[in-house]
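This is the structure, below, for whatever I ask next.
Letters A, B, C and D name the chains as they come in the text, with residue numbers starting at 1 for each one.
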Amino acid sequence: STNFLVLKMAKSSFEYVKKFEHDDSLLPNTWIVIRLDGKCFHKFADDHNFTKPNDLRALKLMNYAAYTVLKEYSDILLSFGQSDEYSFVLRKDSCLYKRRSAKLLTTINSKFSSSYVFYWNKFFEHLPLKYPPCFDGRIVLYPCDENLIDYMKWRQADVHINNLYNTTFWTLILKGQLTPVQAEKRLSGTVSADKNEILFQEFNMNYNNEPEIFKRGTILLRKSLLHNKVNKSIIVDVHDDMLKDKFWKENIYILSVKK
Amino acid sequence: STNFLVLKMAKSSFEYVKKFEHDDSLLPNTWIVIRLDGKCFHKFADDHNFTKPNDLRALKLMNYAAYTVLKEYSDILLSFGQSDEYSFVLRKDSCLYKRRSAKLLTTINSKFSSSYVFYWNKFFEHLPLKYPPCFDGRIVLYPCDENLIDYMKWRQADVHINNLYNTTFWTLILKGQLTPVQAEKRLSGTVSADKNEILFQEFNMNYNNEPEIFKRGTILLRKSLLHNKVNKSIIVDVHDDMLKDKFWKENIYILSVKK
Amino acid sequence: STNFLVLKMAKSSFEYVKKFEHDDSLLPNTWIVIRLDGKCFHKFADDHNFTKPNDLRALKLMNYAAYTVLKEYSDILLSFGQSDEYSFVLRKDSCLYKRRSAKLLTTINSKFSSSYVFYWNKFFEHLPLKYPPCFDGRIVLYPCDENLIDYMKWRQADVHINNLYNTTFWTLILKGQLTPVQAEKRLSGTVSADKNEILFQEFNMNYNNEPEIFKRGTILLRKSLLHNKVNKSIIVDVHDDMLKDKFWKENIYILSVKK
Amino acid sequence: STNFLVLKMAKSSFEYVKKFEHDDSLLPNTWIVIRLDGKCFHKFADDHNFTKPNDLRALKLMNYAAYTVLKEYSDILLSFGQSDEYSFVLRKDSCLYKRRSAKLLTTINSKFSSSYVFYWNKFFEHLPLKYPPCFDGRIVLYPCDENLIDYMKWRQADVHINNLYNTTFWTLILKGQLTPVQAEKRLSGTVSADKNEILFQEFNMNYNNEPEIFKRGTILLRKSLLHNKVNKSIIVDVHDDMLKDKFWKENIYILSVKK
């Protein structure tokens, strides 16, 4: 039988191992961005027959998982998702978990991951989830608003460019009957104008009419709403153009919100 | 309509923000331990009517989620779980994700979290999961075997001590009709021998006969199995006493496995 | 005799140890402050009979060592010294040594330390330096101008407060014939007005007439000078009041200087 | 005149800037190696007419500066110097300055730098030091003895190889009347045997007879000495071959010394 007195003494003799943990608190007064990325999501999309080039159910599930995270953490001011990635922006002055890097990163990543599975059926209905998906995460600091805004613009410029490519690529395959190898060859060396032209001339598609969610990804924002004479904060999803100054002029309040 | 030429130029002008990411690769030749912890699991356990003091279904689900992680990452040599926490030990010489700390931490945490939801029904059957759970994670380095072994002993000593307390506490409530406040009062100031005595005298329970999984938690190990004359590596769950040298003598090969 | 072929092979087999160095580059676009502090300078001051409460020679030597550092590193925009400490502010966008923390810290610390010894005689003339002094150093990041300015104000407020105490303390000893213990007792519980009063009433000293270098420390700044119709950048030492907005209004150009 | 009450309140309002300092304590139970390197020492050597390829005075000054550091910090067990670099090995279990990285690095670097200037005349006599030299520093962790020993071997293999090259190069110039460009050309593509041969055939020099300090650098060790029946710890300089196991067998006690 266990000798508990010995055990307690033993336990305290092992506790020195706690000292090997290092303090990873992040620099104060700095924007904290956490970006999650689907791991092997090409395969995951194939395994679950995602519509190409964009699966609206999958995008909405991503948005909903992110929404779940925002509801939980009021220190997240802004969030942006596209494809299988999502970025979360924490307020500059956030003291959440004393700004400990690993703690922030893992709780947000974990909540997002488990929400993705939990809400799968809400968007995919009877299509079963075949295995648990995985998202990696990273944390990046931006000292000033300009750097943060450029980060957001960078991620949105990325969707724009990838989506035009993917839309043309998959149209060549799905409507043009090309193989993936042929489609890739056809697009090699083309500029954006060429891709627009292919879509328009050969498939009668105007890329500009594609849904905003595909072309621009999704921004989750907190808005104040006057409801029955009471101010209420709600989370809205928009597909605005963050590359335009107009967006930041209208929404700069997001970054300057005081606690 | 979007001017893609301008867009590509813009995108490249934003890419400087990538330089704000910092290199977080971990010291080579050092044991990497990743520990996950359920967030607000007291509430989570209440919300899902977990059996007190231990819910076998919940423990088995934890083990299964950990097993899913081990199957995916062969660099994890050893794992230990108890209550709502799980520790994963990566080989000293692991080069997984170039030893990047955030990447290792988040992929393992995410896989575990999404598996927990995914396999919920396998263990809880018709009891619905009410909301997505959340696990935080941390990463700790141990330079030598002795430190690592002391870490494992520390976590197991922790179960032992907590479980005796919890078992007595809940027996006083469930069988002894005390309120939680009364049970706490009753146990205040008692040593382990007192608790053993309460269980035995008042409830005719021999603590030593409690299930090993409750008293010691679960160790997941890789074992080599000779199957049809072929060596196969399998993952087994055991509830051995890691506080005894015997365990480490028999299993030290785990730590010295070469790629 | 040495077999060099074997030696070269051996050497390359040891080179893996280089991989244990970690990348310590500092967050871009952030103010870098390096502060040096004399180690055991109470003893050092006693051993070299420094005048109490301030030794002008010692302060000027500190300033000169700092000036030597500024001459060498044009990325240092501003510097502030008091007593046995000196702070150096590197431009936000500095890429000096790729912003590697240890490299920046050690070169500046080393240059300062060796300059202190090298120029000792310039200020102490025939008083010999008895042993090599030692300065420790730390590196701190400030994301915005306001934080940096508050840092500078903090260090200057520190001189102000310490110097009033030290001046009164040493006047009580040197002119008032108190022992250090008596002087400490006398000052215990006094506020600043009391100390001003002691100096004025008992020793006919007006604290406000004390030299600025004692009360405010020394700021090293780069100024542009028109010399023979050519713009020349020079380093000047001033003793301005950084706690006043006036200083920052006049000198804010320092922080906004472009390369 | 200064309002000190306002000043004290102001000071406390600035003190938040202290929170921007980050905890940089090093992983426990791990070898700490600090390596210092002369900055622009090619130029420094030329400016002070250092004898080529090795200046014994300069090497002895390096050794003496290192000795000064070892005398000060008993946690340094071992030290190795060659050319313009010096490595210091701190005991695995050192708690010096709570293992804070910047503090350890800067105090050792500063003491070394100021000692180099302070003791210059002891070795260079009437040759004046023209300007304050500068050393950079880095800190590297090694988790096990083998890694640490390989580090020491790596640095010594480096001397060996460089010194054979430099000795041949400078002999071709100083005794063979070649220009540096001609000497470089002559040595290009040669292996070590060729260089030995050049020295022997053309200049009647046996490289093996060169002084050990040139070929192997200098190791500073602590030894126990029985003096008048009392054990005394002294620091000795040796030029042993660390690439041979013999050295480590005889000196392994250094690494296992207990406090």
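Keep in mind that, in the parts below, a contact is a pair of C-beta atoms (placed from the backbone, for glycine too) under 8 Å apart; a residue touches a chain by one contact, two chains touch by 3 or more.
What you are looking at is a predicted structure, and each value in this text was computed from that prediction instead of being measured.
Listing every chain that touches subunit A and subunit B alike gives C, D. Most remote from subunit C, judged by the distance between CA-atom centroids, is B.
Subunit D has its Cα centroid 45 Å from the Cα centroid of subunit B. In whole angstrom, the spacing between the mean C-alpha positions of subunit A and subunit D is 49.
Multi-chain contact residues of subunit D (touching two or more other chains): 20, 27-29, 141, 147. By the touch criterion stated above, subunit A contacts subunit C in their complex at residues 27-30, 141, 143-144, 147. Of all residues in subunit B, only 1-2, 4-5, 7-8, 10-11, 13-18, 20-21, 36, 39, 68, 72, 101-103, 105-107, 109-119, 129, 131-142, 147, 150-151, 153-154, 157-158, 160-161, 164, 191-193, 196, 207-208, 215, 243 touch subunit A in the complex they form. Listing the residues of subunit A that touch subunit D in their complex gives 19-20, 22-23, 25, 27-29.
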